[in-house]
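What follows is subunit A paired twice: with subunit B in the first complex and subunit C in the second.
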Partner chain A sequence: MLYYREQEVKNILKSHVSKANSILALAQSNRFLEAFKTSWETVQYGSISSSLTGSVMAFDSTELKSEVDMWIRDLKACKQQAENKFRSLEKPTYEEERKYANIVSDVTVLVDTYQDLKGKIDEIDQDFKNAVRVYRAPMREALTDISILYHSVNHVKGNFTGFKNVSVYVHGIEDTGNGFFESVKEAAKDGDIILRVNRDGSKEYYRVTILNDEKMIEQVSDFKKLQDTAQYKNKTGRLHIIYETEQKNEHRQETSDDLAEKLNEMGLMNENTKIDMFGHSYGGRRSLQFAMDYPDHVRSITSIGTPYDTNYLSTMANNVRWAAEKIGQDPKDTSDYLDFNEKNRNTKDGMEYSNAYTDMASEPMTEDIHHLKSANPEVYQKLLKMDITAAAGYRMEDTVSFSPYYTASGKHKISSDDTVSVESQNGEILGNLIDKKPQIEVEGSGVTNPGHIYEVEDEEFIHLIEETNEKQRQ
Partner chain B sequence: MLKKQIIILSLFLIIMLLTAGCKDQSSTVYEKGFPKDSPALMEFMKYYFTDYNDKYLLRNDHTNVFSRGANGQQDIQFYQYTDAQLKDYYQPLMKEKNQKKLLHDLKQSESLEKSLHHSVKNIEKYDLPSIKMKPDLQLNIKTKENEKKLDLPSLLREYGVKKTDETEINIEAVNQKSFALFIQDYSIEDPVNRTIGIFLTNDLQHIETTILNKDKLQQSVSSGKLKRFYDLFPKIASSERYLLLFDHMIVDQKTNQLIDIKKEDYLSIDGKYVYVNGAKDKLADGTQRIQTIEDYAEGKEKYDKQFDIDYQAIAKELGLKENGPSIAKVNYFGEDFVVLSLNYRGKLVGSAGFTNVMIDLSKKGNTANLVDLGIQSKIK
Partner chain C sequence: MGHLRFNKELPHKASGTINQLESAFSHVFENMVFFREELDRHSGKAAAALQKKMNDHIGFFSKASSCLLFFADSVQCFAKAVEMTDESDQPVNISPEGRSERSYAFSAERVKSEISINARSLSQAAAKFESNLSTLDEVLNHFETMLRQMMFETKFPWSDVDHIWPEAKRQINAIISEVRKRLQELAKEADELIAELTRVDNLISQQLQRVK
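On to the complex of A and B.
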């Protein structure tokens, strides 16, 4: 120190060090202890002597920061007092001048140190919050599993218990359930029920009937009225659930957890109900995740446009988020979910998150499948038995020749839907897990009007939905 | 100098006036938000708040009367509300920011039964029959003039109706002389032959039945057995030549033929108009044409109403970064009101946004209101 520490400052620091030790004794956090010790190397008064003997951490970062703010105020008040006293002197002596300069210099350094300490507290707090997010997902999954088990053992019924054939449709990134709803209206058969589970939490009910030779999709105002319909009472038709994720770009694990919770509430997570999953784009990954988590309940998966491998465009959107935002995408949209895999993360205002973009940028679906294969081979065997169809959309393009010697004519098939490669959509990396790999020509005209956005409405894909629903029936 | 400036200013004003004058009269102006109230909007709301098994029956002195179908062993019920009550019910939508949520809440049966659907105490006032469904499909019918038990399995044996069948039954039409019932028998395997119409005089002495598909109804119409009951059904053209039966069938009284509405055309809810190409899987934008049922039936190329829809202009108004509409459908078509649903594709992935487009044709100038009400299916 290039200045002498005055008694006034010493008195203040005495109370601060004592307070810091008592806070740390209560918090019992090694990270906080280290942060305070580092700061005290600059404070150079007393010592941080708390030990970590307890087993429970208890701290409130807001309280901690307001305590440090109070310390800053103490020091600033001391400086102000010194300044007032100094200015009141007509002819200050050298000692008085020196004392004033010492206090000003000391307080300036100490305030900077305390501000830095507040920054460290924020950082630690964020780290704790991120860690909580990482561990919350498996905890929630476990609780849902317990709830499913409880329902099954105690025969707890939900509103839709008794429906044997259930189709669940899951959209991809930046999407809603509207596209699937239109396709399902076409694919649904007489006697079926369509249920929309919307992002805002509302539910819509529709019944499918034939009236005057025409298929009718009639909205039923609510569940109370649905119960009176013949379609609900008979339960012989299929229940189609158009599921809209709570956050449009949430990670597949979040979707799987939410969906399991909702289907369990509806009374559909039992051995009598078989679920056929349909997914478009990232919705296919979400569907496969659900099947991995609940293989006993899923009978089949049908996807189109799904990047089972990592995806170049998602990597771009995840890395250059502002550019993605320019064209209306929302790569920062996320839920509370945070993946264990640190590569499958990005940050927003200091908060770490994992979502569909980080997932497709960092993890091919083989990673989790390989983990599953070694950790739980029985589940892997169930996935092998499951009917999995990974359809691929592709486009046809005019053949252009750059040769001066001949003119090409006609059209050729391109190897992607402009967004995801056919190879990735067909799930080639998943090997024999995929049973069928149909390829469907879709509309579109190139990168600015990609085939990917035409897949859900494609007639051939709607026919595939119809076919799958017809085949997967008990 | 001043003279030159006046000349320039005058020329500028003339150009402005000419430009305004040349503007396409049919071009539509798009406005975000819920439309202003009008009788056409009220009519739409009437149908929106009608449930799948409800049937709008009649209007008497500003009071609208509906029947509610019976499923299984229930009675057919009747409810009513006045125009003013309906208006009060949906009026909060005019001020609400989240209209989609409010409309969804207003559609809930608990809310409707509590605040709008008031049961009809005196059914005789409107010549409504009392109909009670008893076990084994026995129908107890009581009118002002008579009382009778109808044994449906025996009456409808030729159509394969059995006493254990799962049915829904409702009143389709009623007046001082007769009434018609509409039965859906879900136990009949072939859905085309599942819908049955029963026509009764109020003295319950004359009963006619028919299957309600195009072929069978045509046979019944041709045989002349339903003529006695034609008064029950609304005449939907100025010439009184055409009748609307069971919401979808148009009968030409002159030829005794059913009018064929093409698959791609959309019949208005009152049967009076046809929205040409309005039932296509994807509605094309540009000029939209509406014909009267008379002109349509006679194959004339005469259009009663026209308006423009421009998908790009709508997207621009909503500030969407889109790649064209993936969904473009008509959800409601009344005499003066059209509701469309539009969903836009995203630039590279997903959707850019959804909106309903509400066009009130009763108002001067073509204004379309853009508001997301979450309406994506046909309003009956």
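On to the complex of A and C.
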């Protein structure tokens, strides 16, 4: 140290070292202890004497950092006070000048040291975050399974217990439930209820009535009012749930876990209720994941536009994220989900994450199904028995001839919906899991106006929804 | 990251208890599936009533054991990952045994396909049943203590898990109480069940001898 440490600073450091030791005694973390010890080599006051003898590790890195911020404020206040005092002196003595200079130099070095310590806390915190984020999903899954069992043993009812036929509609990436809402309004029958579960957690209720061949879809202001409707009281119609994911580009596992939690809360995860899943685009993978996790509750899956194998556009978006962001995509949008499969990950500011884009950049879905086949052949058999329809949208294009000898006329079918190949949408990679592979001509005019976005509201697909809902009824 | 709190001794303590419980659960579960198969061979009123009860117990034990073990194993792996991250800055990735593996381990259909029924196996199973029940009861005590420690001393750093945690703790306790209740029921019914099975088995043996 090239300066003398003044008493004012010593007093502050005395309280800091004591606070640091008590925080570390509570945290019982080796890495935080090492970080503080290293910083204290520069602080050069007192010592970090805390030991790791306790058995409970407990810390909150945000609290740790705000504590260090408080220390920085203490020091800056001390400096400010010294400055004010110094400036108020008309003719400062040499000692006074010296004291002021000592405090300024000391505080500058100490603040830098504390800032550096905050950086180290961040680094350790990020390591902890990356290490433990992966366990959040199994923990939630276990707790949801326990809750489903608890509800079953104790006959706990939810707001929608009693509905036997339930359809759940799941959208794809960069999307909302609006498209499905329009199609469901078309496909719904007399006595049905439409429930929208929105991204912000709010719910919208609609009842369907057909009078003199005229269909009426009437919004009901809240659940209390819905309870008074005949559709709710009778429970003979179908409950259509338009489910909007909490994060638009979240991973299929996150959707499955959220959905299970919500359906259980609604009283729909029981042996009397059968769920028919409908998915558009990545929503098909999300639906299949839910069926893999809860095969006893799912009766059928119908998807369209779903990339069941690696998708080129998503791989590009995952690899060149800035370019994807320029065209309005959000490849970094993610929930707190992290996959155990390291291939299904990317990083954002040091934080590892998994989302729909990382999922479609390789074959983790197929790998998961292959794994399931050996890990639990019974579930795989249930999937085989389940009615799974993987519809594919395609577009027609004018045939252009480049031959000087003849002029081509008419139209030809292209092998994709401008976003996903027909082969991928038909789930060829899933082998005999898929029962039906219908192909539907959709609107659109190319990459800038892809057929993919017209699939959900396509008349033929709406007809497929109607047909499925009619067939899958108990 | 939010608040994190856990007992550093947990991973070491938990691993042994989880293995013990898995084994104890498996034995009792196998016995139950075996007895149900035996009961299938008889159509009397008593057997039908016992079979209904047994089906219910099997369904419950299959789900309860797989989800309790999946939960405990996930917490154990989480704690191990925190411990290892605290030791070095190297990335860690310890996977808990998957949910599908766990549920398959406690699948009545899988167990059923692996058992063969004969007079000797019945008497062996009957003889072991009560001791398996008391072993499970004993291991469940350790498991319960461990779970209480897990629940009391663990705070997860994710707000959504933290949000459901208090209710989840209550439900975990309720499931364990239900396991205990059913174990007591099974212990009470064991004599009745074994007597019925032995009677049916003797009956079938006599019929077979007559046919010969």
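Note that in this section the second predicted complex is superposed on the first by the 346 of 474 C-alpha atoms of A that agree within 3 Å, B and C clash if a C-alpha of one lies under 4 Å from a C-alpha of the other, contacts with A are read in each partner's own complex, and residues count from 1 in each chain.
As a convention for this text, a contact is a pair of C-beta atoms (placed from the backbone, for glycine too) under 8 Å apart; a residue touches a chain by one contact, two chains touch by 3 or more.
Here the structure is a predicted model, which means the values were calculated and not measured.
Just checking: does A:Thr209 make contact with subunit B only, subunit C only, both, or neither of them? Give me first, second, both or neither.
Only subunit B is touched by A:Thr209; subunit C is not.
Let me test your reading of the model: by the given contact rule, A:Leu89 touches which partner, first (subunit B), second (subunit C), both or neither?
Neither partner.
One more residue to check, A:Lys129. First (subunit B), second (subunit C), both or neither?
It touches subunit C, and subunit B stays clear.
State whether A:Pro138 touches subunit B only (first), subunit C only (second), both chains, or neither.
second
In the overlaid three-chain picture, which partner chain does A:Ala77 touch, first (subunit B) or second (subunit C), both, or neither?
A:Ala77 contacts neither subunit B nor subunit C.
Once the structures are superposed on A, label A:Val320 by its partner contacts, choosing first (subunit B), second (subunit C), both or neither.
In the superposition, A:Val320 touches no partner, neither subunit B nor subunit C.
Thinking of the overlay built on chain A, is A:Asp293 touched by subunit B (first), by subunit C (second), by both, or by neither?
So A:Asp293 only meets subunit C here.
Where on subunit A do the contacts with subunit B and the contacts with subunit C coincide?
None.
Sort out for me which residues of subunit A touch subunit C in the complex.
Contacts found on subunit A: 28-31, 55-63, 125, 127-136, 138-143, 145-147, 149-150, 153-154, 261, 292-293, 336, 340, 342, 371-372, 375-379.
Residues of subunit B touching subunit A in their complex?
Interface residues on subunit B, with respect to subunit A: 51-53, 71-72, 74, 100-101, 104, 107-110, 112, 166-168, 184, 186, 191-192, 194-195, 212-214, 246, 248-249, 320-324, 326-327, 343, 345-352, 354, 374, 376-378, 380.
Considering only the defined contacts, which subunit C positions touch subunit A in the complex?
1-9, 60, 63-64, 66-68, 70-71, 74-75, 77-78, 81-82, 84-87, 89, 91-93, 95-96, 98-101, 103-104, 107, 109-110, 153, 155-158, 160-161, 164-165, 167-168, 171-172, 174-175, 178
Residue numbers of subunit A touching subunit B in their complex, please.
Contact set of subunit A toward subunit B: 171-176, 178-179, 181-182, 185, 190-191, 198, 200, 202, 204, 206-207, 209-214, 216-222, 224-225, 228-231, 233-234, 248, 281, 313, 327-329, 419, 448-450, 452-454, 456-457.
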